[in-house]
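Each of the next two complexes has chain A plus one more chain, namely chain B in the first and chain C in the second.
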Partner chain A sequence: MKGFLSYRFYALVRKELQQFRRDPMTLVLTIVFPVFLLLIYGYAISTDVRHIPLIVFDQDRTAESRSFARGFGHSDYFRILGEVQGYEELRHSLDAGQAKVALVIAPGYSRDLQLRRPGSVQLVVDGSDSNTANIALSYASQIAREYAIRVTVAAIEERGAIDPERLRPIELRSRILYNPELRSTLFFVPGLIGVIMMFLTAVVTAGVIVRERERGTIEQILVTPLSRMELLLGKIIPFSWVTLVDVMLIIGVGTLLFGVPLKGSLLGLMGYAVLFLFSGLGIGLFVSTVARTQQGAFTMAVLVSLLPSIYLSGFIFPIASMPAPLQWIAHLSPATYFLQILRGEFLKGIGFQILWPQALFLAAFSAFMMILNVMRFKKYL
Partner chain B sequence: MESSSPAFPPTHSSSAADGGRPIAGDAPLAIETRGLTKRFGQLVAVDQVDLAIRQGEIFGFLGPNGAGKSTTLRILCAIMRPSSGSARVGGHDVVQEPEAVKQQIGYMAQRFGLYEELTVSENIQFYAGVYLGGGKLAKRRTEEILASLALKDRRGELARNLSGGWKQRLALATALVHRPRILFLDEPTSGIDPVSRRQIWDILYGLAGEGVTLFVTTHYMEEAERCNTIGFIHQGRLVACGAPEELKEQPFDGDLVELEGPDLRHAFDRLKGRPEIRDMNFYGPSLHLILSKAEQELPSLLEEFRAEGLRIETARIIQPSIEDIFVRLTKENHS
Partner chain C sequence: MWRQLWVVTRKEFWALRRDRGHIILLILAPILQLIIFGYAATQEVRNVEIAILDHDGSALTRELMQKLQASGYFLTPRIAADEEEIFRLLDGGKVQVGLTIEMDFTEKVQGGRTGHVQIFVDGSDSNAAAIILGYLNNITQDFAASQLALNLQGPLVDDASGPPIRALLVETRPRVWYNPELKSVNFMVPGIIGAILLTLIGDLTALSFVKEREQGTLEQLVVTPLSGFALLLGKTIPFLLIGMLNVLIIVIAGWFWFGVWFKGDALLLVGLSSLFVLTSLGVGVVVSSLARTQQAAMVTSAFYQLPSILLSGFIFPIENMPEPVQYVTYLIPYRYFLNIIRGIYLKGVGLEFLWQDAAILAGFGLVALLLSGFTFRRVLGRGLG
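Moving on to the complex of A and B:
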């Protein structure tokens, strides 16, 4: 009777763990699903674009035109499939999806260059995959620009008018921090911890509480002297343990299998994870006090917690490029802040002195949800 | 709180026969309600109900489906708030001190409310833990209740694999593991075989013998007749309350027909408003009709059902039960 949490609470926790062990569906959701997601994002889904298949339609057939086309093949970005002999063949290759990009060199290309006129080159891009098309375009124009500069410099050198080195007023030397090879695995795997945690805390927790209502077992529990606090905590604490075990699992697989560096401290990361955990549980509990069926709870939890944490948190798409209303939602979602923490901890190794505003938001969000839930949850049918 | 005597007498005892055993008139009240009312929007589910049930009494609560039985029970168990009126259970007000009420009562809901994926003993242990803690006491009580309800051989079985009768027995075990002084049972024997029903009632009589107050809803006449007192609720109102013998004296006008089968709901809709149907009510799985002369009217009704393709499996003239008498009386009073 005395104290904040009594033996009643422990009886509930034990029961939850027994149920958890017996329920294959929950086991799949909590263990198999996260590992599956991790493998998909780690191996299969990659936004890195390399070796774009390219065909060449060289109407000029000179040493200069061949040298220009070879420039594309030398880069890592394109892979030259071969040459075509006409527009029809070119079109067919793009239609069939064999090539994504076609390079057309106009007749008279080398003569134009010799006469100091601009040589015409056309790039035909398959726009059905807009992401790849965009990247292909920017790679291609980069290659063409470099080539043009080389040609110009050679021409000027030939005349000996000025020092060619002075023809480049700005030299851009870029250096990429945190993920120098721009590997998308490093981008996705830390963020995935947030997505999976949100799934386990909000979606699964809402489900297990609504299940008690749906099956009628809640009635038998309500007649016992379990307090509201004991009931709520007894339901969510076992799931917190499971979630934290999952977090360790993902960190382990991410660092060992995918080589994601953990530059910050593991302990600090777990601390932030606990804050985020309570935010997610708060959402899950709230959903469970509103939804009447497991189906309804699932739909609602996915909508209010999982979708924002995947699509609006910056996990896949940058927040800055979203329309304003979606940005507002993004800034209210705890997943957004946790994602910044995750990338900061894993890739940048920054600490609390930089991440404290994010941590503060998570703490405030959790506290707000818990108060709301204790107020909303009634020990009545 | 501890006693060395067995929790329950053996189930083969003949205590089932001593229904109607007198309760001392000066025993303190275990359950008392005054003007208890519950509204759901426009509907008045429980309407100004006054009850006074003494300690050790078996109170049978009767009435057709939807009359307000389960709602009353839930209010008394402090899991639903009354709209107005008051109720005291075990000396505590259900609104002011719901947790004190909950400490003293056991409740068995109409719907099986245990965990299907846990075993028999895990279900009992859970409730033992909630009421008594995780220590030796909870363990001992779990063993005792497993023994006294003959659940020992099935302790490792998952609840979902039990038959209806065994499920009810398990539900009773979880409601009893903390030895409540007052026990609420919502149709504890509905839908189970006669042997299990008999066994469950033997257990209940044993409890009453130990001074436990029982508040039971039922549709079975022979069960109601063994209660000390029965209360009859109709459309939320307590229309009669007293010893079964007194109440049975009431006259009954007309013939009572009991119908059973899968298409009762359709039959009910067809018969609604017909002049030859004097009254109609659902009781658990069956539909009761009151006809002026059943021998003449029933065959043509059954012929009609057959022609319409309605499946009615049994149709027989039965002796009116106390419930039927009550409903009849109520309707006559209304008109």
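Moving on to the complex of A and C:
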């Protein structure tokens, strides 16, 4: 470590920075790309299922059946496309993907209600998209329940006045913490910092050393008096700067443009980000010592770092719903812990006394990768 | 001409073979994607961690707890000592819901008044929060209805004027078509085929040209008597084959592992897939004409691939997007291919439903082909010979 602050070291960093300047496209893309992703996740994507297209097949054709169907139209969850006159038409509409749900009211529905037998309606759901279908079923049963309660209450009131409180034995009061309006933007934007950092550190860095080797320039560096540690850090530092600039950029755009609150401290957040930066760089460098070509390095980096950090970290899909083996993998990935830190800092405003286990994992992971890489470098060079 | 093609294809296979690790990865890639998207990509909310603070502690509240447990959505609840603990558990992410029951809950409910249940939901995951709220709503409403039925027993309701009133007068009987068990893997498998054709083929094509240029071997190729056409096609054939191999792996693994098999016509599936592959290849060539380094090529193609994945409906339904964005999605070829491949896989529909999507996809393919023809001159630095 003695030559750590040497002139040679700075020369290497300068060389890497020059590489950036010679290829301005990479630099532009690493700045434009995060903003681009931010716009997509912040603005375009929403996981709220609303306005599900619905068709009605009303075989009863009475005031009651119409009022039941209207209940679906009034809710924000469904959008009534129109009525169909038969099963043939119903099937066609679902086959063509125009409607996702069909509400079928059997003949005799209103007669059943008058006889105080349960009226029965059928819900035909396009199950292709199981997520939407599940949510649609849940919404539909909520609407039917509310309607049923209204009908029941009306039937009871018909037989005599009754204290309305007796008709509501239980009331559920709910309070939503951290994201009271349930905006999916608040869910995605903090997590995006982790995804973009992982992309820039692991995937882009992975190519760096492989590129030197592919071009045969790595021998030239090796004959210089630089130590391995200096070489590693010299490769890493320029990318780290770009990555941290990106983090600031996302925080700025996210808070100003999308109104994502930063309830925790900015300084603390940057501290965790540096820890995560080293984890990501560790993965990227490891990949670059394994892969032989840049193509191979990219494929591997995407598979081992990017896919898990997008799909297994809880960024989009809840970890608790995954099968156990995938949950174990998720808990080996630094992205999972950084995501908990990000949401904690942004939305909950919790501090180190709660987040220290996550920070500890990131630190341990970075240290482990660094040692591993230095060892591999010895053999590999 | 065919000989030329064969020469280039063989050369490209040799280049691939030199990097064995990469070949293994290319075969592992679809399997990994299948596992991730087959198992993890579900927005169903299960195993919800819940903390309960029961001030009442009666048989009735225990019954309500049992109803929560029996729903199958919640894990065994943690018992909190006070409200502060509930907030601490929520802050630390240990639970997603805290539920408190007031002191005189049972007395109120059985005395014909309204008992209150207060819940605190972690809203950071907005989608999960909405679903959890729905679960709790349905469970408490059902519980309330059974209590109501108990409370109302007696002369008031069961009088001679009619049959007894049931608390729930409307039954919904759901029937799910195309994917009756509502398994998300059925929905994802056809999408993964599209995603592989989109990303893998585009990336490999772009990288292979940029690599030749980076290493200076493209000039060597240009001075050979190979025609531009043979060069373009010859270099892409190996990737087409790898792409097709990947599709085969997904189809077979999806069948054996997840039991997903396509209902529609296999020939139609292959034919329309190749239409889609044209676009991916075209984009790959265009990217290779723009990027100078392989890193830049990766990032450039991500500008095409990410919106394709995110805005096509592969993961997030298009209906939920804001209207202007919904118009943007019409420009994404993958959107049409998703309709086609899901239609064939899940619904078993044929061209009579899919011809529009197929025609648009063919249009995109043609445009991509023309564009790549033009830009390929730039890649080579000479006209198409």
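List of remarks:
In this section, the second predicted complex is superposed on the first by the 364 of 381 C-alpha atoms of A that agree within 3 Å, B and C clash if a C-alpha of one lies under 4 Å from a C-alpha of the other, contacts with A are read in each partner's own complex, and residues count from 1 in each chain.
Criterion: contacts are C-beta pairs under 8 Å (C-beta built on N, C-alpha and C of every residue); 3 or more make two chains touch, one makes a residue touch a chain.
Everything numeric in this text was worked out from a predicted model, so none of it was measured.
Of the two partners chain B and chain C, more residues of chain A are touched by C.
When the two complexes are overlaid on their common chain A, residue A:Gln220 makes contact with chain B while staying clear of chain C. Contacts of A:Arg111 after superposition: neither chain B nor chain C is touched. Of the two partner chains, neither chain B nor chain C is touched by A:Arg70.
Look at A:Arg61: by the touch rule set out above, it reaches neither chain B nor chain C.
Contact with chain C, but none with chain B, is seen for A:Arg50 once the two complexes are overlaid on the shared chain. Of the two partner chains placed by superposition, only chain C is touched by A:Val151; chain B is not.
Once the two complexes are overlaid on the shared chain, A:Leu182 sits against chain C while remaining clear of chain B. Within chain A, the residues touching chain B in one complex and chain C in the other are 23, 215. Listing the residues of chain A that touch chain C in their complex gives 23, 25-26, 29-30, 33, 36-37, 40-41, 43-53, 68, 94-97, 113, 115-135, 137-142, 144-145, 147-149, 151-152, 155-156, 159-160, 162-163, 165-180, 182-184, 186-187, 203-204, 207, 211, 214-215, 290-296, 298-300, 303, 307-308, 311-312, 314, 316-318, 320-323, 326, 340, 343-344, 347-348, 350, 354. Chain A meets chain B in the complex at residues 6-8, 10-12, 14-15, 18-19, 22-23, 215-220, 222-227, 379-381. On chain B, the positions that touch chain A within their shared complex are 74, 77-81, 98-99, 102-103, 105, 107, 109, 111-118, 122, 125-131, 133-135, 158, 171, 174.
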